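By letter and in written order, the chains are A, B and C; residue numbering begins at 1 in each of them.
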Amino acid sequence: MDLSFLFANTVNGAVYGAFLLLTSLGLSLVFGLGRVVNFAHGALYALGGYGLVAVMQRLGLGFWPALVVAPLLVVPIAIAIERVTIQPIRSRPEIYTLLVTFGVSFMVIGAIEYVFGTATTLVEVPRLFAGTVVIVGNEFPIYRLAAAALSLAVSGAVFAFVQFTPIGLQIRAVTDDPGMAEALGVNTTRLLTLVFGAAAGLAALAGALGAPIFAVHPEMGSGILLDAFLAVILGGLGNLPGSAIGAFFVALTKSIGGGYVADWSIAVLFVLVAIALVFRPTGLFGRGRVA
Amino acid sequence: MSLEVAPGHVHSLIGPNGAGKTTAFNCVSGFLKPDAGQVLLDGRDVTSWAPHRLVAAGMARTFQITRVFGELTVLENVALAARSREGRNLEMWRPAQSVTTAQRQALDVLTTLGLVDRAESNAEHLAHGEKRVLEIAIALALQPTVVLLDEPTAGMSSGETERIAALIRSLSARASVLLVEHDMEIVLGISDVVTVMTQGSVIASGPPSAISRDARVQEAYLGAVAGSVPC
Amino acid sequence: MRKPAGLRGLALPLVGAGALAILPFVGASPFTITLLTESLIFAIWAMSLDLLVGYTGLVSFGHAAAFGLAAYAAGYFAREVTGDFFAALLVAEAVVVPVALGFGFVVARVSGIAFAVISLCIAQVLFTIAVTWRAVTNGMDGLVGVPLPKVAGITLASGNAFYLLTVLCLVAVYLWLTRLVDSPFGRTLQAIRTNEERAASIGIDVYRHKWLAFVLSWAVAGLAGTLMVFLKAGTTPMSLHWTESGNVLIMTIFGGIGTLLGPVIGSTVFVFVRDEFTTRFKAWQFVFGLVFVVVVLLFPTGLVGAVNRIRGFLWRARS
């Protein structure tokens, strides 16, 4: 048992977990709030990465300004998506929003491919965090750790927001009992639009923040989307702390398992989640419901 | 709570809203798992049996909210149940219409219930009262020994209500009936036994004459009315 | 309410089959025939999805799993043992059916979104296996070297011959499925689609029916996968990718779910439009997504549904 190898995998897994968490939060919030499963979430993540590249290349901005601008560009796009494709069909069975966002994801990825081509684009690590650090005999890029910390910080801010602010209270109320919340005067439709936009912003931020680590290519969102689905299902759709546990469980299993069992660990993960879903449709921790 | 429906009886279950009547129904008919207790059908323990097994054992139910298969015709709705009763659901070759035994059984039931002239209409086009009768027809096609009727007269005019009441009374000739109802006239008029529930427990059970004079029952209903807060 | 398929019901498929069969002999180009073969294979695949979606109400986001699995199984067998079509088909089904029984055992317990997500997971698992089990599947490069198919010892060397085999398979599947949906089993599935709880309350064993529908749907998809691996002389992991599942989903929805004929039309339109489009424009995926969204939003009943509505409207207007 090579401890150093295990350690490296664990750290890398934790890094990915932080990004996965940031991405999964939005997915979980949107489902808990409006029972909308957003299949386009991965595409919005990719859009964040490409937004960063576009802003840096076309507008000549530095990494950090671009990191702020890119998600802000994605939010209005997401709001438009919600207004045009999701709101009109809220009254239909839930499967329809899954179908329509499925189509939207093709549109977004197709648009990205059309504008940027299908090649992978590398993004340079910002100078502030360039270089590596050695921990327990393993070399890690500083940026990797810094970006993960930033992801965790933003995720923590989201938790706090939902827990302590008036809007957060509205979100929790609607997630718990939409009918009652409406009766008490909460504008659930507008809230969903806002949260959908914010969720997209979080995903876009994750995509942009992760660009120097994971590179940028049109399909970059698909992998993390499936992992986010797994994380959120395991944790319970609409259950934020559960999503955190789910995200790290998925990330660490992939990373540590991947070190020893190669890519079969992914298959095992899927099987575990499928079984979990079947025997506990509420997720392993969640109040949320899937079936 | 404890409840026993005697063979051939019309047994009504009444109580204020939230007393737990529909919950009890759901526990008995396999849609909810009871935390404790047993459900016995003809002496057999059928607790936690899946709904379809209960049907095969002779239990049929209707629902509070009408749930007929709207896109199918009235006849097909009933024939579907009849075929199910015959255990023909897994046949994959012959057209469904060719199961003549089920078709005839369906027509018989519809004739008995006075719906046969609507046989070819799509179920969704029926009037509300007719849909409730259709629900009962579907339950009958399952040839049950026990029928559970969940508020069969909900939303009906008084004329339709009388017709249904007479129907239910006549049902007791072939099956036992457990009835959840709010219309006290019907309940007192057609029941052999009335059980009163409030807040999850039985407070009285007996023939209609005794129940209508029972002080606890009166208090439960009046108390529920007086104590309710508008909201 | 759909009328039972009597003699009149046979007219359409037979005439359609006849029309399709004579195409090679009335001047259709070999390229068109190839494209048409692909459409008809997709049609079989889409009809199998319709059985799940349109008749049982289970929307699968992973139907590529059945398709790709059969393609690999049949292709591998054809390359290693014999290119006999029906032998390969048998092998493909011998792989697909037990796998479907296994997955179906788990998946038939759920519906709606849970079913959609699990079906996606299943396809993703198979995709991952196809990419990583290089010894058998040759990884991302895909399975190659599948020989020409043989039927009763005769090698189907020409595109036309294989096309006719495909037409035959399509007609057989169509006739069988139309019978199936009119049978008590088919009616029961539709009741489950309408309202699972209500179906259970009339004595239907919902779980068992969903399981069976799942297995049957995979078995038919298995035929499509077998045909495809011979048409393309091989397959790649992309036949298991979620984008492929998306393709068959749009074909089925666009054509009209719950109609069986709809998916046939939907697949043909899809294949020809995609071919037209990808040769001229770069933005196929975007347009595909746009069409998907528009269909789901505005035409959920698809082409056939729209036609039926117009027909119904005209009929009512007349009477």
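Just so we're on the same page, a residue touches a chain if its C-beta (ideal position, glycine included) is under 8 Å from a C-beta of that chain, and two chains touch if they have at least 3 such contacts.
All values reported here derive from a predicted model rather than from experimental measurement.
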Chain contact graph, described as a line, ring, star, complete graph or other shape: line
Most heavily contacting chain pair (counted by C-beta pairs in contact): A-C
Averaged-CA centre spacing for the pair subunit C and subunit A, given as whole angstrom: 33
Averaged-CA centre spacing for the pair subunit B and subunit A, given as whole angstrom: 48
Distance from subunit C to subunit B - Cα centre to Cα centre, in angstrom: 42
Touching two or more other chains - residues of subunit C: none
Residues of subunit C that touch subunit B when the two form their complex: 1, 4-5, 179-180, 182-188, 191, 194-195, 197-198, 200-206, 208-209, 212
Parts of subunit C lying in touch with subunit A, wherever the complex brings them together: 59, 61, 106-107, 109-118, 120-122, 124-125, 128-129, 131-132, 242-243, 246, 249-250, 253, 282-293, 295-297, 300
Sites on subunit A touched by subunit C in the complex: 37, 85, 88-89, 92-96, 98-100, 102-111, 113-114, 222, 226, 229-230, 233, 262-264, 266-267, 270-271, 273-275, 277-278, 281, 290-291
Subunit B to subunit C touching residues, read off their complex: 29-31, 50-52, 55-56, 60-61, 63, 67-73, 76, 80-81, 83-85, 88-97, 99, 122, 138, 142
